[in-house]
């Protein structure tokens, strides 16, 4: 069974990596951004499997992005691997601080407290004019172990980097979801009491899921800022987090690849509605959202996953 | 004090003006089968809830293996070997019967639940299947919970509680919500399985036929107090019990 | 005037307006179990509707009796509730009852996006002004400061709204039925309560209160696109602080937000942007369900 | 475990769906990507009027002969002007993506856009990376070219420093006594920077003036009751605000209702654009600027640009029933600049449609006339414009039923903008070295 996970990981990598050849420039950028955001959403999926949804994942997206930017600008680090590691480490620490606190909350309260935390960050960053305030900061192009590409090679390298990270994290998360703890998490979503009475700590499970979400959020934010070249406090604003939740709901918690497909669909829909309905793109997006929620109540993943039905 | 003895001493609990437990004291030796009787609100479920950690007593001690467990969290008590079932079977409705069992198995695995080991790898499934077979519900293993009959749900609920090392099992109304003709077969199955492992059993029951048939000793509750603690026949013929609990001679 | 008194008066004025909006949000959540992001859009539509209606009132010769514009304000809110309430509740939200809370938040987020553009299609992007009602009540001098009489009228309106909601819920038969539905919709249904009608009624009441908040604010601002998002997030904070579904909670929450905001403006202006979220995070850390929510033990 | 593969295929299918972009513009057309606010707060004050003005001007240019020389030729050097418009609302992240789409998918020949400073900081590195000719037409932050240099990016409007320097100079030249002052600015970078610029300029010109309080209400707050109480309590001689749009209108309505303008002199860095909407609700005697000689100040100026200004003014008023305020003026100066640059490049390359490189070379250090005055790409190695500015005082003309700007004072570009080679904040701190005032 485990072999098939690795096999599909390889297939996914090859399929996505092929994009670096066939995709035009704008689409490759769009895909890279979508995949980076998909990483953040994958973290939400991990929490969703435990029955909670964070409306404040922008917190880690933003911390990751600012960490990378500040380190790059002040310490002169431009290596993408190092930047990703450092941002992830910072997010890990912050996640470990808030995780145990948030693991006591459920439903709308979890959603709102996580939102409040990210809004406090938003407010604080907006005030810090020495790091750009609401205007934010720019970050230069990353280097790859000393190699400093420009133009299309840079975009290709970035794209392949995010593809690699996506496939690795996707595979790890799939292994986690299928693991004993993964199944217990799913049971928690259903019936917390049962899980506690079987002798497992629900708080502990929730904390882990939250910390994984923090890590993925930080990595997503780092890649996003390196692709964009710019970060501002909007990264932590509630609408940013709301978009992540939307992707997570669109994908459903059943399938890992669905998260990234959903992220790409959203980016495409938004980009084209922006251009073709510049005055009513919000309307178009809202209708799209409603249609998705009505048509696919369990998310895109339910199209391909048979988990809901009897397995005979 | 010998191993496996559950000793409840002077336990008190009130919810606002309602007294749910008053000076409750009882010693349950290892391997015995006790039943709890009483009208609704008499304090039976409160007793179960206090022993298993859902409710913290206001005062008093609950000793198990010589350690006071009053006020511990449910999962800590479970880890000590005291398990329970529920009036309304507590199952994961979005999972299949087998997956429910795998959850229980994963939590009680030797090394604790893993981030990497597949929940449904071969040996785990074998173990789950064995337990399901012991409780005669293996045929339902691929069905989702809402499709099951009350009796199967109850059995699964108990089977899950049995996944770990069990020393004491508290069954909260094991036959409620079960069709009349299934009650005795289920009790036969459950009590036999538990006794085979030398587990101490405490069950809450309204059906006096079941009480007399399966328990060695009966605790009768009234208004938060234990008003009788004796063999079934003695308790059921006690006039006080007849007045407050059974509503007439058995 | 004493600084403390200024903070109190300023906080009270802000709280009054905020309470009207928040109590509608908390009511809808209490009954329908939906945290309505589109509440902010209803607020904005209320502001636009009142701007249009009051404008029409004066255009039709309302100058002869300018106080009639207050009736136009309230009428605008009623109109919004009558038109949009059934449309949103019957037409959309009822299909999502009993679904995941967070999914429902997303449904209303979609409604919010749609309404933002619909407003633009109806009213365009140019601002609307209706300041006549704002200046009609003259000024009030408190110490060395002038306040506009209208500000105190809004406080009065908030008190009336609060009392009305509380009395309706706790002192009337219909209110008792609503409370029963809040407690357990299924049991109420089996006991013969027309639950869908209660849901519709509660949503329309919530929509009315959102629109009323907007209608009462319209005279003191310029009504432009982008009003909604700013309001909803503050109203969220209020109901989370007070406890979702609690009317007294909304009142206390609005007061806490209003006064802490006023204190911050007068004492530490730097903190104004996040003081509200800060208060919300602190309250949630110590009272996870908010100040007034009842914690329910689950029967097992 | 088929699922992964299935999804990979689904992804590939999606790919194909999105890939077919529109064809590139022809040689006889020049395609401009326009980014401006069509929704949200800034739509009403800046985005929509700017684009209204822009659309009108492009139509006039495409017809040819509607404008005075040198703008009487058709289109851009004979090429027809096409445009694609994108809403600027949605934050810098979205704008970077949309910028790439405009350049790489829509294959526009030039991008003109950005009101928000955040967008103006985020987009230029991408523009340079893609080698895409880009004009920033509106945003204010000096940081764009002070922190970085860009090859393909130009800003055709002066940065915001001059707005507040002009205000301070206006106070001085009118001998206004300022023992103390206070500020109310929106809590985001533009508001914070404007306040810093104003206090910086005041420290030089009014070194003894005391700062009473600096208030930063939330962007889009709408209600200023508490802030106005604080301003009334502090009794500063002067209240400075760089608020715009709904935030400015709300502040003025609520402030005047409580007599703030009677207790303190109100000065507005960018306040002209609310005049058409507020009408006589705008109190008399407010000192305000328009971020350039725009709107009423341009109309009142006369001089050699009168014909150009009046042509645009009349056309705008006829089309939209309201007079043009600052935003369309800035869009116009961008488009006039672009026209000048395209035609200059074509004169150099023999009349073919210029490449991005040729356009950038032509734009660098360019000087041209616009209704808002003479625009000179004088700073940042020819990438940043300076332009003259004006401050005036509001006065309601009861007879004609319209607001007028009186006591207008015009400041030459080199008087209120820093010279080459010095950052705006340092220029303020050092007491305006090199300023050339008449």
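Think of it as A, B, C and D in the order they're written, each chain with its own count starting at 1.
Going forward, a residue touches a chain if its C-beta (ideal position, glycine included) is under 8 Å from a C-beta of that chain, and two chains touch if they have at least 3 such contacts.
Note that the structure is a prediction, hence the values are computed from the model and not measured.
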Chain pair with the higher count of C-beta pairs in contact (A-D, A-B): A-D
Far-end chain from subunit D, centres as C-alpha averages: B
Chain nearest the overall Cα centroid: A
Separation of subunit A from subunit B, taking each centre as the mean of its C-alpha atoms, in whole Å: 43
Whole-Å separation of chain centres (CA-atom averages), subunit C against subunit D: 36
Chain centre separation in whole Å, for subunit D relative to subunit B (CA means): 74
Multi-partner residues of subunit C (each touching 2 or more other chains): 116-117, 120, 229, 270, 273, 300
Subunit B residues counted as touching two or more neighbouring chains: 90
Where subunit D touches two or more other chains at once, by residue number: 38-39, 187
Contact footprint of subunit A on subunit C as seen in their complex: 35, 92, 95, 99, 101-103, 105-107, 109-114, 116-118, 120-121, 229, 233, 236-237, 240, 244, 270, 273-274, 277-278, 280-281, 284-285, 288-289, 298, 300
For the subunit A and subunit B complex, residues of the former touching the latter: 1-2, 175-176, 178-184, 186-187, 189-191, 193-201, 308, 310-312
Contacting residues of subunit D [partner subunit A, same complex]: 1-12, 14-15, 17-19, 21, 38-39, 84-87, 90-94, 96-98, 100-101, 103-106, 117-118, 121-122, 125-126, 129-130, 141, 143, 147-148, 187-189, 192-193, 196, 219
List of subunit B residues in touch with subunit A within their complex: 52, 73-75, 78-79, 83-84, 90-96, 99-100, 102-104, 106-109, 113-121, 124, 142-144, 160-161, 163-164
Residue ranges of subunit A in contact with subunit D within the complex: 1, 4-5, 7-9, 11-12, 15-16, 19, 22-27, 29-30, 33, 126-127, 129, 132-138, 140-141, 150-151, 154, 224, 228-230, 232, 234-235, 237, 240, 255-258, 260-261, 264-265, 267-268, 270-272, 274-275, 278-279, 281-282, 304-305
